[in-house]
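One chain, subunit A, links the two complexes that follow: it is found with subunit B in the first and with subunit C in the second.
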Partner chain A sequence: MPRIKKEAKTAYFLIAPAFTLFLVFSLYPLLWSARISFTSWDGLNATKKFIGTKNYSELLRNPEFLQSFRVTVVYVFVVTVCSTVIGFLLALALSKRMKSSAIYRTIFFSPVVTATVAAGVVWQLLFDPFSGLFNIALRAIGIEGPNWLGDPKWSLIAVSIVGIWKRIGFSMIIFAAGMASLPISCYEAAKVDGATGIKLTRYMTIPLLKPVTAVVAITGVIDSIQVFDHIFVMTNGGPMGSTNVLSMYLYNQGFRVFHLGMASAVGWLLFALILIVTAFQWQFTKGAEND
Partner chain B sequence: MTRKSRAFILNASEHSFLIVIGSFVALPFIWMISTSLKPPRLALAPPYLWPSHFHWQNFVDAWSDAPFSQYYINSVFVAVFVTAGQVITSAFAAYAFDRFEFPFKKTLWYLLLGTLMIPLPLLVIPTFQIVQTLGWANTFTALIVPRCWTAFGILMLRQFFKSVPRDFDDAAKVDGAGTLRIVFTIMMPLAAPAMATLGLFAFLFAWNDFLWPLIALNSPEKFTVPLGIANFTGKYGTRWSLLMAATVTATIPAVLAFLAAQKSLIKGLTAGGLNE
Partner chain C sequence: MAIAATFATVAASLFVPAQAATKSVTLEFWNYWDGSNGQALKTLVAEFNKNNPGITVKPVTFPWGDLLPKLQSSIAAGTTPALAATDIAWMANMHTSGKLVDLGKALGGVKKASGDIYPNLLTYGMYKGKLESLPASTNNLSLFYNKDLFRKAGLNPNKPPKTWDEMRAAALAISKLGNGVQGMEIYTGVGEGLTWQFQPYLWQSGAGFLNKSNTAPTFNSAAGKSALQFLVDIINVDHSATAGQWGAFDKGQAGMRIDGSWMVSGYRENAPFEFGTAMLPIPAGGTHATNMGGEQIFAFNKDAKTNAAAVKFISWFTSAPIQARWDSVTNFMPIRASVASSPVMLKHMVDEPALKAFVDQQKYAQARPAIAAYPAVSDAFSKALEPAFYGKVTVAEALAAAEAAVRKALAG
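Take a look at the complex of A and B:
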């Protein structure tokens, strides 16, 4: 018994630094913001007036918030699906090429380590309607390209492209690791049975990689649902709210018009959204595994 | 179609796919470097990739128009402390979770894992209030201290510590080594690739962090590099050569750090990512 007690003491001592920071800068803020989300606090007043669920009900009726919600859902869906599919295909194509894969891997992964703010500035130049590379290329084949970042019809597509560009490498690396750990014996057996190329991928690789796909998709959602940096520099949520994702909406509520109660409510809706999607995806992959 | 020709088509389409996506991913980097070396007036002229002469003056101008050297010093300062903090707190906690039994172990573990799902934008509002109460508003302390722990790091290191045989600890204990000494002199060196990965991640995270510094800092002389870039963009919105020179300097340390530790980074990332 004393030995166990001593062990626990040592363990708590070792956990203490991380855990203290966790309590002060994660758990406490989380609960505090839950409380604030039920008040009309503006960040300055000493009193935080309790107003019940008014912030939430107001948000759910506010067309600007609903637009922000829609924009975020589209962004998350497009970026997660595209980066997952492209990442998978890249990992698949690279899995057979040992020689060239190192250089490709470096290229695909570079955006992951690049500051999103800096990347946003470069993409802004590429998307420039007159001197941007995209429209110059389109002009060369006789098409007048759109005003990517200035036209509400195209702006969300433009910022989504940057999101996909940033995430492909991450999905690729996780898929590549998953593929490397697949049992070779299954493949040998399937090959003996005459399965080749696409069939092997369709009936072996894809089903076996379901848990890996779940990880890539869930981290994709958690990541892209919080998108802020490149949108802040590229469009600042505009034009006409067409790229005003939830984080931008939260930032504007909290630090431009100082509705901290409202901003906290937005944050909690964001959190709830993450929990729902994650639970749903786990359930989905679990069900698929049991089939 | 014969099997051979089908294999050829598959191979060719895979190759073209790699090349298309590869060019798409590399394009912004290439264009950024190319534009940063063009004379300012020609940055918008008909496009060409290879500047006829390298206009290094852009870098000089960008660095003298905005205090990028100051931003650099600030960023390095913050990133180094965040990295050291995350590596040490994660190694301690990971060792405790892997080697010891203690009350509430499972509860604490799931609490930590749960934090991976908390959106950062939700946390910045209350964290800003806490930081103000502590008197840390507009200081580097505000950027460093809240960032000195990471659930991801604890998770990843625990996976690596699992593979270190307990005999090592026992042998050290017989020799009279305390727990801290075991962590520092046995676990951390043996899990060196994992430590490198975590360190690089922490560094990149701190170096690229934007939303939190944007809120926590307000005096320009304390700006980190991403804040400096965003600020510079507002001021020089159309002077692309200068802007690109600035972004090149912001990007290069991160890319170099990545290239240096690429192997262990990818290894650690996949081990951590797949065990979430």
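Take a look at the complex of A and C:
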């Protein structure tokens, strides 16, 4: 018993620095923002006027916020599904032991470690309606490409493409690791029973990878629900709010129109949303593991 | 003996800077002047530091979009710099922080502090009867046009459009060149960019933006509708401009664009075409008007010694001789009559002919409302107008929506 106590003391001592940093730089600002979300503070004024839950009730009635919510849901859905599927297919294609697999894996993974703002700037150039690579390529085959970032019909697609591009490498690596750990004996047994190619993938790999898929999907949702950087660089939420995701809306409330109280309320609603989605997915994963 | 002397030197070298350090004050000066403007500031500041022993001004440059959030958090945390220069559009928000030094009082009265500074530039510095900031520079919006494209479209490159009709006709002619060339560029992205580019059209047509007391919108009038309709027709009837397109002019892909004098040196160095400038075209029966931009310089309250040093720097930086040199490098517009007529400036105007349009137009520059609600007003206004440029709502609908949204923003 005394030994455990002593160990516990050492443990507390060791986590103290990290915990202090967490308290000062994470928990304190978090609680502070909760407090601000009940005020009409502009971030500059000396007084912070308490207005109760007005920020929250106004947000839920605000068409712009609701549009932002819809845009976020579409973005999260498209990016998570596409990056998961493409990542899976890439992992599958590269699972055959070829010499070039490692090189391709590195290439596909590189967007994950590329600075998003820098990538956003480059993609912005690629999407330029006149001098961008995409429209030059389209023009070469006789199609006049769209104004990708300036047309509300295309802008969300354009920023989603960047989001997918950024995430594919991550899901590919997780799937590749998952595939490497699958029991070879099962595959051999299936092959003896006459299963080949697509059937092996359909009835063996996909079901066996269910927990891995869940991890990729959950992290995908959490990741893309907070998207900000490349949208800020590429479209700034426009045109006509077509790419105005929640974190973009939050930023503009706080730092463009000085509604810091409102911005904090958006932050807490975003937190609630992530919490609900994660709880739901957690249940789903547990179900998958029990299968 | 030699050893003793060495000791003495070492001791002296250790001692003297230490003594100087206790005496001198260091003033951080936050701003967003980068590139050649930032270099010009550094040169001037070095001169000030040299001539004012005991004061060290240290310029700290942030990207334009970062400066305001940085100031915001520094005000909240009580870690403000001694000096800052920001966009005039943000000044009302700086004033309400209640942390700015009263420059009028420190410099012997508002009159003495401002001298021959143009009065409409002082509106951004006054708060509750006190002068809390002075103009550090000013500028305005004028017309940039691509002379090469004018020639190609059969237009006279030395006769830029003077009226709205001429501008529309020129844009249409240039857009017929094909290859994705735009007649002109119109800024349609949400935010102050849209608002400040559009306000000159309102004023030229005779419409206002807010009333005199800045309590109600006045743009939703027949004149206001004609201004918005003019731009919407260029986009959606003539197709000589595209909503959501900005940046084509820089590449020589658009005939015209409205922009500020700070673009002159950049285009002179980098534009892949011959450019010209002109005063903004006006509608038939309209009046000359443009938007006034620029920065104000101010000091955050610190101890008495720091405040005095900061005031000294502000007073020096806004003085006529320094401003003349500042403007001649940065292509900003004079803030004082005595700067405009100074030999340095007059020579500069000869060296850079593209500035003439801006100087000629400065007297028609109007100030945007200097109120704390302005960022919210501008944001609401731009959001309501954006769909009109995309042809999603009519001009009347957009302005009615803007009126309602601006009223709400003004109410807080």
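Keep this in mind: the second predicted complex is superposed on the first by the 282 of 291 C-alpha atoms of A that agree within 3 Å, B and C clash if a C-alpha of one lies under 4 Å from a C-alpha of the other, contacts with A are read in each partner's own complex, and residues count from 1 in each chain.
As a convention for this text, a contact is a pair of C-beta atoms (placed from the backbone, for glycine too) under 8 Å apart; a residue touches a chain by one contact, two chains touch by 3 or more.
Small disclaimer: the values here were computed from a predicted structure and weren't measured.
Using the contact criterion defined above for the overlaid structures, shared-chain residue A:Tyr28 touches subunit B, although it does not reach subunit C. Shared-chain residue A:Ser131: touches subunit B and subunit C both. In the superposed model, A:Phe255 lies in contact with both subunit B and subunit C. Looking at the superposition, the partner that touches the larger set of subunit A residues, subunit B or subunit C, turns out to be B. In the superposition on chain A, no contact is made by A:Arg167 with either subunit B or subunit C.
Legend: residue contacts after superposition of the two complexes on their common chain; A:Pro239 is shown touching subunit C, with no touch to subunit B. Residue contacts after overlaying the shared chain place A:Pro152 against subunit C, while subunit B stays out of touching range. In the superposition on chain A, A:Ile222 makes contact with subunit B only, not with subunit C. Residues common to the contacts of subunit A with subunit B and with subunit C across the two structures: 43, 130-131, 254-255.
Put simply, subunit C touches subunit A in their complex at residues 68-69, 72-73, 75-76, 93-94, 96-98, 180, 188-191, 242-245, 247-248, 251, 253, 372, 375-376, 379, 383, 386-387, 390, 392, 409, 412. On the side of subunit A, the complex with subunit C involves touching residues 40, 42-46, 64, 128-131, 147, 149-152, 236-241, 252, 254-259.
For subunit A in complex with subunit B, the residues that touch the partner chain are 4, 7-8, 10-15, 17-19, 21-22, 24-30, 32-33, 36, 43, 86, 89-90, 92-94, 96, 100, 104-111, 113-119, 121-126, 130-131, 133, 136, 165, 168-169, 173-174, 176-178, 181, 196-198, 212, 215, 219, 222, 225-226, 228-229, 232-233, 246-247, 250-251, 254-255, 260, 263-264, 267-268, 270-271, 274-275, 278. Across the interface of their complex, subunit A is touched by residues 3, 6-7, 10, 14-15, 17-18, 21-22, 24-29, 31-32, 35, 43-44, 46-47, 88-90, 92-93, 95-97, 100-103, 105, 108, 111-112, 115-127, 129-130, 145-146, 148-149, 151, 154, 179, 183, 204, 207-208, 210-211, 214-215, 225-226, 229-230, 233, 240, 243-244, 247, 250-251, 254-255, 257-259, 262, 266, 269-271, 273-274, 276 of subunit B.
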